[in-house]
Amino acid sequence: GHFGLGRPALPEEVAAWNLDVAPDGVGLPEGSGSVEDGEEIFSANCAVCHGEFAEGVGNYPKLAGGEGTLDRDDPLKTVGSYWPYLSTVWDYVHRSMPFGAAQVLTVDEVYAVTAYILYSNYLVDDDFVLSNENFLEVEMPNADGFIVDDRETTELPRFSQPPCMTDCKPEVEITMRAAVLDVTPDEGQ
Amino acid sequence: GHFGLGRPALPEEVAAWNLDVAPDGVGLPEGSGSVEDGEEIFSANCAVCHGEFAEGVGNYPKLAGGEGTLDRDDPLKTVGSYWPYLSTVWDYVHRSMPFGAAQVLTVDEVYAVTAYILYSNYLVDDDFVLSNENFLEVEMPNADGFIVDDRETTELPRFSQPPCMTDCKPEVEITMRAAVLDVTPDEGQ
Amino acid sequence: KAGLAGGGALVAGGAAAQEPDPLITEKQPWAQMWGDGVDATPYGMPIEYESDVIRRNVGWLTADTISSVNFSPIHALDGTITPQGCAFERHHSGAIDLPKEDYRLMINGLVETPLVFTYADLERFPRVNHTYFLECAANSGMEWAGAQLNGAQFTHGMIHNMEYSGVPLRMLLEEAGVKPEGKWVYVEGADASSNGRSIPLDKALDDCLVAFKANGEALRKEHGYPVRLCVPGWEGNMWIKWLRRVEVTTEAVESREETSKYTDTLADGTSRKWTWVMDAKSVITSPSPQSPITHGPGPLVITGLAWSGRGAISRVDVSRDGGKSWQTARLAQPGQNMALSRFYLDIDWDGSEMLLQSRAMDETGYVQPTKNALREIRGLNSIYHNNGIQTWWVKANGEAENVEVS
Amino acid sequence: KAGLAGGGALVAGGAAAQEPDPLITEKQPWAQMWGDGVDATPYGMPIEYESDVIRRNVGWLTADTISSVNFSPIHALDGTITPQGCAFERHHSGAIDLPKEDYRLMINGLVETPLVFTYADLERFPRVNHTYFLECAANSGMEWAGAQLNGAQFTHGMIHNMEYSGVPLRMLLEEAGVKPEGKWVYVEGADASSNGRSIPLDKALDDCLVAFKANGEALRKEHGYPVRLCVPGWEGNMWIKWLRRVEVTTEAVESREETSKYTDTLADGTSRKWTWVMDAKSVITSPSPQSPITHGPGPLVITGLAWSGRGAISRVDVSRDGGKSWQTARLAQPGQNMALSRFYLDIDWDGSEMLLQSRAMDETGYVQPTKNALREIRGLNSIYHNNGIQTWWVKANGEAENVEVS
């Protein structure tokens, strides 16, 4: 570097923070965990918010279910129905969960909980053991469900037309009213 | 007005706020007050800050004294030594004093106090009575002491030269240090 | 106290007063007595009368307030700067308390030398200043399926606009030396959500900013003190707060915030990912449901905000009839790159109801679409990137309501 | 925790760490637990660690704090916007509490129809937005006779810079109809000082602004809530707060604030009056006495502010040797009319002492003079309008002191 600022990061330091895991498994540490262990760990650490079967509690995210809902109204997007990569589950649980006490699970516990979430989505059997070895073999149902932002071709031409200034439509009707829904917080909240 | 906003001000309203007095006496109401009355009123309402003889208390403004100091170091600028117009005294006392209880004096009281301030500056005798009639006759010593901003001619040509970039002076010495004075408040104030 | 119109009303001004206004003719306490001294508020807050101009959250939107959002009171603001104190917040694990002394920033991955910077180190790099808007990709998201929330603060308040001072991310990356294989950076925060996003290296080297001041002063705690990332024109989730790590990678990490969230599901069930740019958008902030017209017919100021992640705003049109006809509004200042623009339309209101809309255009020629035009392409389940034209139904009594029109 | 320089130091970065930094290797509470939720601060304040970035007053300057001044912490700010919360205050009878409902503005004097406006009336006039600096004419006044106060906050902190929204004064005057005899306006505040100033009608009709918002939100109490006057480029005393009256007159009123005060006494005892324009000026805000260099030799950011009441800043030069030689600094953004400019000079500091100075130039060609050049013309008793070049003596240990040089 030409400013000579900062200092070289030590390997232990990089190891401590470089925790992210990519779809190709880069970043995944050695370890393993079973659905069975995962069920117990999930029940103790996660179920209060996500439900015993990962079905969600109240407004907290549902982690299971929703298969086949993506093309319907109010799709239910869960690990099973929506997430394209298993690495994302492992990485997020490892770094960010449980909410309020992040990073308390061991590596093996994260494998186990991830296995349990797969199980609760009917993606693996109850005797499944997830490890760094078989990690890339798990198939995620919606893996092919994503396309890269295509607004440049699908929208931009349409939304770059000179805008109409007069007589843009013959008549205008109100089709929906927010006040009828009345879900706005009071000013006095 | 072409927006039609606001409403016409009523004469009573304009009268209530249009209090300013100009050097030519415009705005001066009818009334009068003596040095003698002024002394009493001043003592009761003003002296706690400005001193019995308008000589000032602590950091509060001195209203008297300072004749002949304007061309010396630390000139003392008072009504007597500095103020060009008597209207300013009357107007300021009337609208803005006493500090913390503005506008409590009657018109006659303001005439009296103004007379007293003149007296304390040796500008009138102790039997003087100031009124709207004789107001413009009072001569203010520094009335001719002001010129209109002349920076355009006296400074601008000098301060609009292309600036020096190199070898602008042979040597540089520190001529004064603020830390030696040490009048800066502590960070912990 | 002001009476009905007298003779003078036609000559000038509105209703003439019949009685003098005692607020003028009687001496008021503030015109006689002391106000607060200069030691009263070493750091001041808004006056009590403005206590309604605050961030608000919507309880039912999220499970709790720790991973949640609140909204800037844009209906009550003017100009373009958003004060930090009322600029909306979005946290994924709450606003953390991170002293400058404990702050570290790591650059790792595909670089010649992985580096660690302290806060003091960052202050030694050359600095730049830029004013940018930050819009959450979910702004107006509750309105995808139809009009829901009755106020500009709630429909469009996940936005703010600040003047940032900081170091170009490019300089920090160059300091570490990016290897030729590097194509992305993964940026991550120090909070417990460890919110992380992948950004193409080109953008990182172009205009991303490692900022430590906003509107002249230190970032507020809730905006990422001591250091946040600015990703101009791109969705707010990428503007990592409490920035602690930048890793150069070959591929996107595909973290939770760029797969489970911030992807846009189309009607056929496929989803767009990597939808980073915030398209041109605008909203009328007044009149609006929280800022009704409180006067009768006559002069009325219609005002609002416009912005585009594609560049500067070039024009804003306003419709009073729900989009049948449009008038070009006045921009308070020429549009600035990826910053809010304030627009005004000064009208003589006839007192009849209006269907108010605004339509932003940017320097690239992009024109803000209607909500229905968006829905035709994207369906109803998109959540994010709702930049459709907003309609306020302003009634004859001056009240306004969030509606949709044909 | 960071050890002395290791082998890597020459390759990249400064001193290499010998032990891993526990702030990185150990999990920190903020990376595991919740921070504050979005309902914690509906209107936020700066984080506790910035509690020294506040307005300060100087006890011995004035008899009391009610008619007094405090100073913006410019040594700790960056960018150009001054947050209202720490923007300096000058009151003549304290900051008053005036609700919008009780606010009245009168236009009287040489007009066709004297008018009274409510606050609501003002909101119906066409609005404009402008960013302007406000400098007290007494800024740096304590330095006329020589270096006195040891900090940029105290020597140059009677300044702030905000984005205002409001109505051109011209519109209100036109609404009342100015008579041809009108040559001046007298503007007056609602506080007990009834601070009043005379302004030539030309200026009043040109760019004066009746402002109600600053930096997007309502004016703070201490800045004139609900309405203040902006008089761009002219001395701050004319920017009447709590504006209540504008009278059109033939002559200047010659009020106390334009005779006893805000007149500039020259060496021969005569005094200049009507010195309204604030000449071009600048100051290095860091390093400075309150913002010392806390690192050793190597990269150092020198930064400061420049402004001119005559127009936009076009250039700022910086000297490190007390004015022997100069380098042109980098403006963070092109200069704007009567607004603060931020400048930066990025140097490789050799660790030896410096006599730092900055010199502003504006678009009219005006060049900020030395203090001695001003004194040659004006003498030592001028109090106001001290726009002379400031010198900071930065020592080898990084500490800085306010000095004057030959």
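As written, the chain order gives the labels A, B, C and D, with residue 1 at the start of each chain.
The criterion applied here is as follows: a residue touches a chain if its C-beta (ideal position, glycine included) is under 8 Å from a C-beta of that chain, and two chains touch if they have at least 3 such contacts.
These numbers come from a predicted model, not from an experiment.
When the partners of chain B are compared with those of chain D, the chains appearing in both lists are C. The greater number of contacting C-beta pairs, out of the two interfaces B-C and A-C, is seen for A-C. Taking the mean of the C-alpha atoms as each chain's centre, chain A and chain D sit 48 Å apart.
As a whole-number value, the distance joining the C-alpha centres of chain A and chain C reads 25 Å. For this pair, chain C with chain D, the centres built from the Cα atoms lie 27 Å apart. Touching of two or more other chains is recorded for residues 2, 8, 11-14, 17, 21, 24, 31-34, 56-57, 64, 66, 93, 106, 113, 115-116, 118, 121, 124-125, 175-177, 192, 194, 298-299 of chain D. Contact with two or more other chains is made by residues 1, 3, 5-8, 13, 17, 99-100, 102-103 of chain A. Across the whole structure, chains are in contact as follows: A-C, A-D, B-C, B-D, C-D. Chain C meets chain D in the complex at residues 2, 8, 11-14, 17, 21, 23-24, 28, 30-47, 49-51, 53-57, 64-66, 68-70, 76-86, 89-91, 93-100, 102, 104, 106, 112-113, 115-116, 118, 120-121, 123-129, 163-165, 175-177, 190-192, 194, 212-213, 215-218, 220-222, 225, 242, 294-295, 298-301, 303, 330, 332-333, 342, 344, 346. On chain A, the positions that touch chain D within their shared complex are 1, 3-8, 10, 12-13, 16-17, 99-104. The touching residues of chain D, counted against chain A in their complex, run 2, 6, 8-9, 11-17, 20-21, 24-25, 27, 31-34, 298-299.
Within the complex formed with chain D, the residues of chain B that make contact are 1-3, 5-9, 13-14, 17-24, 49, 58-60, 70-71, 73-75, 77, 79, 82-85, 87-88, 91-92, 95-96, 99-100, 102-103, 145-151, 154-156, 158-169, 171-179, 181-185, 187, 189. Considering their complex, residues 52, 56-60, 62-64, 66-67, 92-93, 106-109, 113-118, 121, 124-125, 146-151, 154, 171-172, 174-177, 186, 188, 192-194, 196, 244-245, 247, 249, 251, 253-256, 259-260, 263, 265, 267-277, 279, 289-290, 317, 321-326, 355, 359, 361, 364-369, 373, 377, 380-381, 393, 401-406 of chain C touch chain A.
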